[in-house]
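Labels A, B and C are assigned to the chains in the order they are written; within every chain, residues are numbered from 1.
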Amino acid sequence: MAFTLLPKDTSFFDLFDQLAGKVLDAARALEEMLERWDRLEARVREMKDLEHECDAITHRTFDKLNLTFITPLEREDIHELASRLDDIVDHIDSTASRLVIYGVKKPTDEAKLLAQVLTRTCIEVQKAVAGLRNLKDPALLSRISVEINRLENESDDILRLALKRLFERQNGDVLEVIKLKEIYEKLESAVDRCEDVANVIQAVVLRHT
Amino acid sequence: MAFTLLPKDTSFFDLFDQLAGKVLDAARALEEMLERWDRLEARVREMKDLEHECDAITHRTFDKLNLTFITPLEREDIHELASRLDDIVDHIDSTASRLVIYGVKKPTDEAKLLAQVLTRTCIEVQKAVAGLRNLKDPALLSRISVEINRLENESDDILRLALKRLFERQNGDVLEVIKLKEIYEKLESAVDRCEDVANVIQAVVLRHT
Amino acid sequence: MAFTLLPKDTSFFDLFDQLAGKVLDAARALEEMLERWDRLEARVREMKDLEHECDAITHRTFDKLNLTFITPLEREDIHELASRLDDIVDHIDSTASRLVIYGVKKPTDEAKLLAQVLTRTCIEVQKAVAGLRNLKDPALLSRISVEINRLENESDDILRLALKRLFERQNGDVLEVIKLKEIYEKLESAVDRCEDVANVIQAVVLRHT
């Protein structure tokens, strides 16, 4: 299927921008939750609302796919990209919920640091998604991809340090080790999911250049 | 490659139906194992047999791909779909085996509930696979996909509740926490693998409509 | 895009061979680390160097993709294959680093056994990657794929035995259980990543035969 960019199709890009915006909202909400550590139950509910809004946008994207004859990108790429963006929010929502379910006493500096890197990565994801409107600049998307890869390496380094400290400083509270280990891993895994989005976008670019 | 449905090719759909049937058999066997909690070693062996049968069907599918010139779906989609169906059974088999390896004392209500949702999801997977024979009704496949997504959300809610209770009710038996946590997560992950199958099928539909 | 094998394009295959070679180097380095259990910090640094070299080759592959007009395989397949090979090294590097971060006292026989299977699987991956140069022999690639699948089953069996022994023989040292469980699972997961590479290669073969 050849690449055709018709004005009437741009609304797929609008839906992607909305999704990427919600992804970034979720990352910032998680960072704030860890920073302020108040209104926990309310924050989890707000995050769940964000997650449902993403589901709704994703389903609207799928429905639109079924009703649109000519799409600006391959149909399966649109499906894949929406699904992968939705995955990021699922991971962020799951992290927020685990923090409360597990009754984590106080978020560690390492958890806050990981959440900060996640927010920075979601900003790059938003840029990459916006860049899809104009595939004429593959070099820009390639640079964003390299930056997302760099941030993923950074989050992996923080995870390693966090796990090292977690095991060194535990005071026999093994349950707290299990809980924080999962929180750290989920945060790092959310950054990995951002890299998945970057990979889908790179594949789209490669098919159209 | 255009969509061509020749009579001689329908046996790929037969192989898919067989696979989806074994997937459902495995889900039901796991649900029954958790419900009755008897003949554990025998049940694990029976599950392993089911898993081997799935491997055999999957390999038969791959061999057939290498010998068939015109296929009813893209060759790589056939490969992907068989692989993803096989993944579900791997997860179910792995859960059954962990239950025995870990010497889990008694399955919890939450584990049983997750296994029930898994069975219901595998019934939808079977419907979706059957629906592939007739891609003329994308709306049906779309509805099944939405239902699988709903069941995945349901299993995620049960997982959260299960983890909450697990950590609240533990009596210092941290090993039991580690074991049950993995069982719960594997059950939920099996439902996620069903969603992967739904995604592959959606992508096939999108390419053919 | 039709399959064209032009002499000037063979360097993509050279890059793949380099990557597969580094993957095997990493697997062997991990096996040696577990066997000798000396110079741990130095070995982790050497592994990190290997990982960076793989990143560099992967990025060189992506840059070359952006500069090459006619590629010997679909552009997105080249991207996918390089990414999946890189994933294997990430898993191996992560395992080596966890061994030291966690201060694992002494590697178990099961960890060594898993590392041996991983090395054998990486040898098959190298063969499969080399086989890509000549897609005229799909039967060879199919046989390698079956062998990788067999090795993945073997590593899964070892993992089950390892977990069984880990929980049976623990002497109340739950933290050691958590650490070794993750090491075992990461080793097995590295073999799974090899299977992902085999799947990508199978998909490429299917598109070209």
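Following the convention adopted for this analysis, contacts are C-beta pairs under 8 Å (C-beta built on N, C-alpha and C of every residue); 3 or more make two chains touch, one makes a residue touch a chain.
None of the values given here were measured: they were computed from a predicted structure.
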Original post:
What graph shape do the protein chains here make by touch: line, ring, star, complete or other?
Top reply: complete
**OP:** Please state whether the interface between subunit A and subunit C is built from the same residues or different ones, using more than half shared residue numbers as the mark of same.
**Re:** different
**OP:** Find the geometric centre of each of subunit A and subunit C from their Cα atoms only, then give the gap between the two centres in Å, rounded to an integer.
**Re:** 26
**OP:** Quick one: which residues in subunit C touch 2 or more of the other chains?
**Re:** 174, 178
Original post:
For subunit A, which residues are in contact with subunit B within the complex?
Top reply: 55, 59, 62-63, 65-66, 75-76, 79-80, 83, 94, 97-98, 101-103, 174-175, 178-179
Original post:
Mind pulling up the subunit C residues that touch subunit B in the complex?
Top reply: 138-139, 142, 145-146, 149, 156, 160, 163-164, 167, 170, 174, 177-178, 181, 199, 202-203, 206-207, 209
